[in-house]
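In what follows, chain A forms one complex with chain B and a second complex with chain C.
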Partner chain A sequence: MEIPYIVTPRKDTGLFNSKIAIWLFLASEVMLFGGFFSAYVFLRLGADFPWPERTLPVMPGLINTFVLIGSSVTVVFAWASLKLGNWRMFQLFMGITVACAGIFMVLKGIEYNVKFHHQAVRLPDFTVVEGHLAYEKDEKGYVLNHHGKKIEENMIFVEAKQLNFSTVRFHKPWVEEFISQAEHRNAKILLASDLNLVTEFGKPAVTIGKANEPLSVELLAKIKKAYLAARAHNAELRTDALRLAWREKKAEFPDKKDWELTRDVNVDASKLELLEEVSTVTFNVDPPAKFEFKPRDIKEDATSSRLRDDTVITGPLLPSPMVFHHMDAVDFRHLAMRAKAKGQDPIKAIDDSWLVQNNPFVKKAWEWNKLQVAKIEKELIDGYGRDEQGKPKREPIAKERYRLGWKEFAAIAEGKDRGDADIKMREEFLGPDYAKRGDETFPEFSLPREKVAFASKFTPTWNTYYALYFTITGLHGLHVIGGALVLAYYLFFGRKMFDENPEWLANRVEIGGLFWHFVDLVWIFVFPIFYLM
Partner chain B sequence: MSSHPSTAHGPDAHHDDHHHNPGFLWKYVFSTDHKMIGIQYAITAMLFLAFGFYLMMVMRWSIAYPHQPLPEWMSFIFNDGWKARWLLDGKVTGETYNMFGAMHGTIMVFLGIVPLGFGAFGNYVTPLQIGAVDMAFPKLNMMSYWIYLAGGLVMCASFFMESGAAKSGWTNYSPLAGFADGQIVNQWLAGQTQWLIGLVLLITSSLLGSVNFITTIINLRARGMTWMRLPFFVWSMLVTAFLLLLAFPPLEAAGIMQLMDRVLHSSFFMPSGLYTGAQGLADLSGGGSPLLFQHLFWFLGHPEVYVLLLPAFACVAEIIPANTRKPLWGYKSMVYSVLVLGFLSFIVWAHHMYMTGMGAAVSTFFQTTTVLISIPSVVIITALLISLWGGSIRFTPPMLWACAFIPMFGIGGLTGLPLAFNLVGLHLHDTYYVIGHFHYVVAPGILFGFFAGVLHWYPKITGRYMNSSLNHLHFWPSLICMNLIFFPMLMQGMAGFHRRWYNGGDAYMAKTQDSANVFANTVAQHIDMNLIMSYGAWAMAFFQIFFIINLFTSWKFGRKVTSDNPWNATTLEWATPTPPGHGNFIDEPVVYRGPYEYSRPDHAEDFIPQWHKPVAVTAPVTDPKDPA
Partner chain C sequence: MADSPEAIKKSIRLYCIVGFILFLGTVITYLVATVPALDIGRHGFDVYDCILGLAIAATKAGFVLLIFMHFNHEKKAIYWMFASGIIMAIALAGLTALAIYNPIFDPLFYSGR
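Presenting the complex of A and B:
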């Protein structure tokens, strides 16, 4: 048995099978990316925060655009070379195509990496501060946790006196983390009291744990096992008792409907041979020690905090400020937008904001920016004039009015105007050169915990713009990788097929090339909506 | 094995069948033969259907007897630990009810009906009916099945995890679905996340399947098989494949975004300022839109209805002409209708969202398109009905089911009309009326169509008929039970019963003493219907046993067929040996006429198969076009 029309097209349709298939597949892909692009439109139109316009570095994106367009041309040349029967030419052009995919992904990787290390925080009044976090630095300036690993997280500190683990829900890695942190602080986590349980009714109690036994995953596992056994045993007894109670009640009132009997059917639990269910277990921390937690894992409170696995930590919350090693941007756009919505003057609202009031550096920068905005306003009036109502035809955009990015910080330090700072090409790609520009340009900044309304790296978590950016470009990147792998397969393993049946290989390259054009096309949409608009 | 004439050398030989005596594994498990894959789909889908049915039986217990422990004949499949976790003193809890409800819907739609209709019937019958040796991409076909199975198993595995399976309804609306199982530390191990992973796998599977189907239908038709000679079955599968191809990807986008929301804490579907009792103010940026999820979901969700329905239409449209010995009435208008239906199904989705406050203009648009889409559906169902008129009907086992399909689907379709109007929708939204409506379409409608299909093609697949007496024992009680289950739902729904009451309205019964409480009194008048429906459902389960017995015993002990064309039907699948070998046809088939040439007055026999060469005396000769 053989499938027809793999190499030669069918006469009436004029197509070979895989060509139909790839067009159908691409139609499906259009719908997939269409779903994402409509999500972009929907979320951007409905956004209740200032959409970060033109926030990505354009240069790497522009280079990537040309790289992809170039590779779309070379993949056609590669296909044509096969049709001409020239293997060397095919190798050359396909090699360039695959190399272009590599360049694209490297640039993309750099772009992603910068964002993964860049922190943002939103204050309760919607001021946004950006920068890089500092925590405990080693001599090289790296940020380390107690394991000696580099971390970039603003931790929450609790002085724990007592830990209360949920018997079924405790998360093993977190228990191990407790043990490790206690060791680091020279404290011990010990079982609060003897744990003797009856595992079979009528039999003497079995010792599961003794008081002052140190916390271990094995101990918790043992308690969990006993708990689960008791729970299953009790559930069975209670079910049987309830079933019996219903049977008796129905026999007693055969005329009544079930819902009329509901309230009269009761089970006396005290008569059942139930086992004790230990659903939580308490440990003491001796001496009380400082523990650190990632903010997302913990709901902190002044005296007692709760982890997501239902572990309750009793003890006072310690000061857990968010410390920026370098602050590199202050953004008042969200604050201004909220103020305008309330009918207030945005400038006054910013003047009165907590950050301007409490941070001399920001105050100075903000005053500088007011002068800069006035200067831009004047330039725009000089350049474009006023309309009939006497209003300027062009005005500074919100980003110029309310945002001080790292380039503005650089301009302030260099004593230059907005947009005139001396920015190196390397900085355009990788972000500011903190080491060279130093603390005068990007000062240290500490934010008390209660002033942190929402904090995140520039990841999908930060806002829907970055969520869309990472999802769409990430999916596009996966398509680039997938396409490049297929094309590279033809390049490195196609020789045998070229010798046996060059037409078939040409068909395959054509299919791969069509996909590659689609990947390029998607980027033509992605580039303007994320980088330019 | 096939003796299909070989015409080409070189690369095509690569696809030659290497395994003339393939081992068990290659023949039954990793087969690339479309017929074996169809059977794999059928068996898997029927197992999932049984599982989905079981979940529903437990739910019906909770509705009928909310305060009584689940009886042992239903709870025996759980172990004690599971019972202790998910049942409260043996009673079904609201959480468990939600979990079973969400998974019942998901399993029935995505793992049961679609794979049975499209995967099983489509795979087995389509290449046979167009005279192809196999699907265009047999390995892709195999992959499609395995990815489907993986997706289904991932979804169902979560029943045994600490979080339990998904609980946010089969529609999985955010923000509820974004928060559900939030207490699980490793979100990849939460049922709600696994639901999304399973969904993405299922969409991948259906994408591969639909690309394969369309390519096969376009390029692998036999000589002479022009478009208007395609059986209606093939047209239905073509439209179904297009719906799957184009409607599923937006849901995949939504699934990926919801996955991001759950695992990376983005806010695609999470609005600002979300507060939950359990977790306090959400640690999220906000700024997303729950409405966006609904739009993306229903952009799939409505075409999905036709993905479920069209394969059933397809089966019934083949069975009716074969058993009335009449051509299908209005074949061309049915074909055009199914194409229009496919197109319109893409622009009706927001009629599921009248309650979201999209605005009157949007509602009016979708109301209009929704009313429009009833036209092609009615054309098809009317054509099927008229096809019965004046026929000499043979009430063969498949024909019984096909005849029941028409009125049952009719009730389902007609009860949908009021729901098209947004004013009525305000009253009926999320009531049992909606449940009754779409279950009439899916259960006694589509499933009856599939039972008909199983009985119709069983002789081709196995070489034996299914037992007629067992079929009667299965058919009549099923017909009665279906109506016992679903008709009271329509009445309850109009009385205002909400579809997600896990205790069947029992919570309102305490208030019936208050004569001013009109709603509680309405509930009291309708609550006893819960018992009828529940007993109907359990009885229904019992009578399916006859089908299962019939399905397996007939394989070995059924009456043997005496010819390759036992129903004296006209389409190409009956030209193959019984059962068809790998490669399907002994000789390359050539098609000379349309698919439903029954009872032609100028012909002695009451049918002329598509592949019979015309004889000058009995039929006017027209040379078949020679496409290949």
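Presenting the complex of A and C:
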């Protein structure tokens, strides 16, 4: 059957099928992205923290904008070439368009990668420190986890004497991690006592594990199986006993309603021959050894900590600092905002903050910044004057007053003023060149665990700004990939259709092009909103 | 829409001009945001920068829509479809804005005063 209106338009609407379909789709896309942009507006207006305006490196976003605009021009040229019957030019322009999509995604990938490796931490007084974490080292070199990967120096250390596993909830990879870490530290994890259990009613107890048997996933699996069998058995006994009790009570008082009997129907569980349910199992660590855990996996305490799979680790908590190999920004904006809300002087609050008081580098940088702010204030008064009340017409912004980013650290090291540091193009893309600038510019910084109020990489976890940034740019990126795949299909597999029915291919390319322009149209708003505002 | 070969050849010049305008718009937005001497309104980002940035973005988007997507000479059905999408998005954003009247945002709501 021939499908009508795939090349020639329908007379009443003047449109061919796919044109209607794509515009309906684009209308739904407007609502989708419109929803996300309105979420951005409302979350920004209602934010209870200083919005990180102009925080992203602009250069990758700017180049991506040029790339997408260029691809929008070439895709329309590709369509025009088809209309003129020029297959070679179509190939050229469509090839450039698809290549632009590739460049766009590579740049986006680099940008995302930088974010995923950049650490931020908020202190209890709302000071924010940013930088890159160091890796765990010992006398043999870098410490590797059981996957053979380096471990970031952001771990919770516990000297474990005893481990108590939940029989059903234990997480297999974590048990393996315990075994591997114990091996690394020449310690053994041994079952605390014999485990003899009745696994089948009427039969004698069987030995599931013997005292001093080493921890293994198989041993825990056996205990889990026995526990589940005992629970199932006991549940059945309890249910049967309850049924019997109801039956007897109903026979005794046939006229009474169920709700009148409920209070009197009880089962004495102690009289039932229930099997022992072992819900936790204890292992000793011999000799007590240091174990490390990711902060998100553990709820640490001075003497007893608990993992997310309900494993209880008995033993003292050891110093577990968060160590930045390079600290590259200190942000006091949130602290200042909180101080102002309390009616305090933000400058004094920062002067008194833990970081300024305890870190000579930050203290020096903060004093440098005070002088810089004074300079900016003077420049603005000289340039724009004062209003009728004598107030300066223009004043330094919060970012200048309270944030010291990596460019400011670079300026301090180079002995220059704010904004005058010599920044290389590579650094505009990937952030500071630590290797070249060295530890004097970006020093190491060790933060005691009790000073970590909230920590995250620059991911959606960090704040709503990054949540929106990743949602909108991620969704846009998926559109770029989808659009590029469709356009690449026309480029590589369109020849046959071009030979048979060039007009049909031109229509298809027009539809693909419409989608591509829409992708560009969304980016036209994404760029200023996320990168420049 | 430009469908005849002559009309398409003519349009190519227009596409080049629009491409140039888009580049220019982007450069202007970038410069206004990054060069202090070109900063409008108060020092740093403020409502005037926001209005200017979005106005340039809207102009650029308008050119893409009108010229590249041939919206300037489309059929009525397309106008209705696309406009309804935009109106719906704005209406839903407006509906969300009404959340300001939600008592949950009133700090005194639970205080009994």
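Convention: the second predicted complex is superposed on the first by the 496 of 533 C-alpha atoms of A that agree within 3 Å, B and C clash if a C-alpha of one lies under 4 Å from a C-alpha of the other, contacts with A are read in each partner's own complex, and residues count from 1 in each chain.
In the analysis below, contacts are C-beta pairs under 8 Å (C-beta built on N, C-alpha and C of every residue); 3 or more make two chains touch, one makes a residue touch a chain.
This structure is a prediction, so every number in the text was calculated from the model and none was measured.
Undergrad: Per the contact definition in the header, classify A:Val73: touching chain B only (first), chain C only (second), both, or neither.
TA: Second partner only, chain C.
Undergrad: Look at A:Leu15 in the shared chain and tell me whether it touches chain B only, chain C only, both, or neither; answer first, second, both or neither.
TA: The answer is both, since A:Leu15 touches chain B and chain C.
Undergrad: Which of the two partners, first being chain B and second being chain C, lies in contact with A:Lys399: first, second, both, or neither?
TA: second
Undergrad: Which holds for A:Trp504: it touches chain B only (first), chain C only (second), both, or neither?
TA: A:Trp504 sits against chain B, while chain C stays out of touch.
Undergrad: Return first, second, both or neither, reflecting whether A:Ile347 touches chain B, chain C, both chains, or no partner chain.
TA: After superposing on A, A:Ile347 lies clear of both chain B and chain C.
Undergrad: Is chain A touched at more residues by chain B or by chain C?
TA: Partner touching more chain A residues in the overlay: B.
Undergrad: Touch check for A:Ile524: first (chain B), second (chain C), both, or neither?
TA: Touch partner of A:Ile524: chain C, not chain B.
Undergrad: I'd like to know which partner A:Val114 touches here: chain B for first, chain C for second, both or neither.
TA: A:Val114 contacts neither chain B nor chain C.
Undergrad: With both complexes overlaid on chain A, does A:Lys83 touch chain B (first), chain C (second), both or neither?
TA: Only chain C; A:Lys83 stays clear of chain B.
Undergrad: Touch test for A:Ser28: chain B only (first), chain C only (second), both, or neither?
TA: In the superposition, A:Ser28 contacts both chain B and chain C.
Undergrad: List the residues of chain A that touch chain B in one complex and chain C in the other.
TA: 13, 15, 20, 24, 27-29, 31, 34-35, 38, 42
Undergrad: Any idea which chain B residues touch chain A in the complex?
TA: 1-2, 4, 6-8, 10-13, 15-17, 65, 67-69, 80-81, 83-85, 87, 89-91, 133-134, 136-138, 162, 182-183, 185-186, 207, 210-212, 214-215, 218-220, 245-254, 256-257, 260, 264-268, 272, 279-280, 283-289, 292, 295-296, 299, 506, 509, 527-528, 582-583, 627-628
Undergrad: What residues of chain C sit close enough to touch chain A in their complex?
TA: Listed in rising order, the residues of chain C that touch chain A are 3, 5, 8-9, 11-12, 15-16, 18-19, 22-23, 26, 29-30, 33-34, 42-45, 49-50, 53-54, 56-57, 60-61, 64-65, 68-69, 75, 77-78, 81-82, 84-86, 88-90, 92-93, 96-97, 99.
Undergrad: Would you pull the chain A residues touching chain B in the complex into a rising list?
TA: The touching residues are 1-8, 10-13, 15-17, 20-21, 24-25, 27-29, 31-36, 38-39, 42-43, 46-49, 122, 168-169, 171, 174, 228, 231-236, 238-243, 246, 257-259, 262, 265, 267, 295-297, 299, 308-310, 454, 456, 459-464, 466-468, 470-471, 475, 497, 500-501, 504.
Undergrad: So in the complex, the part of chain A that touches chain C is made up of which residues?
TA: 13-15, 19-20, 23-24, 26-31, 34-35, 38, 41-42, 53-54, 58, 62, 65-66, 69-70, 72-73, 76-77, 80, 83-84, 380, 394-397, 399-400, 513-514, 517-518, 520-521, 524-525, 527-529, 532-533
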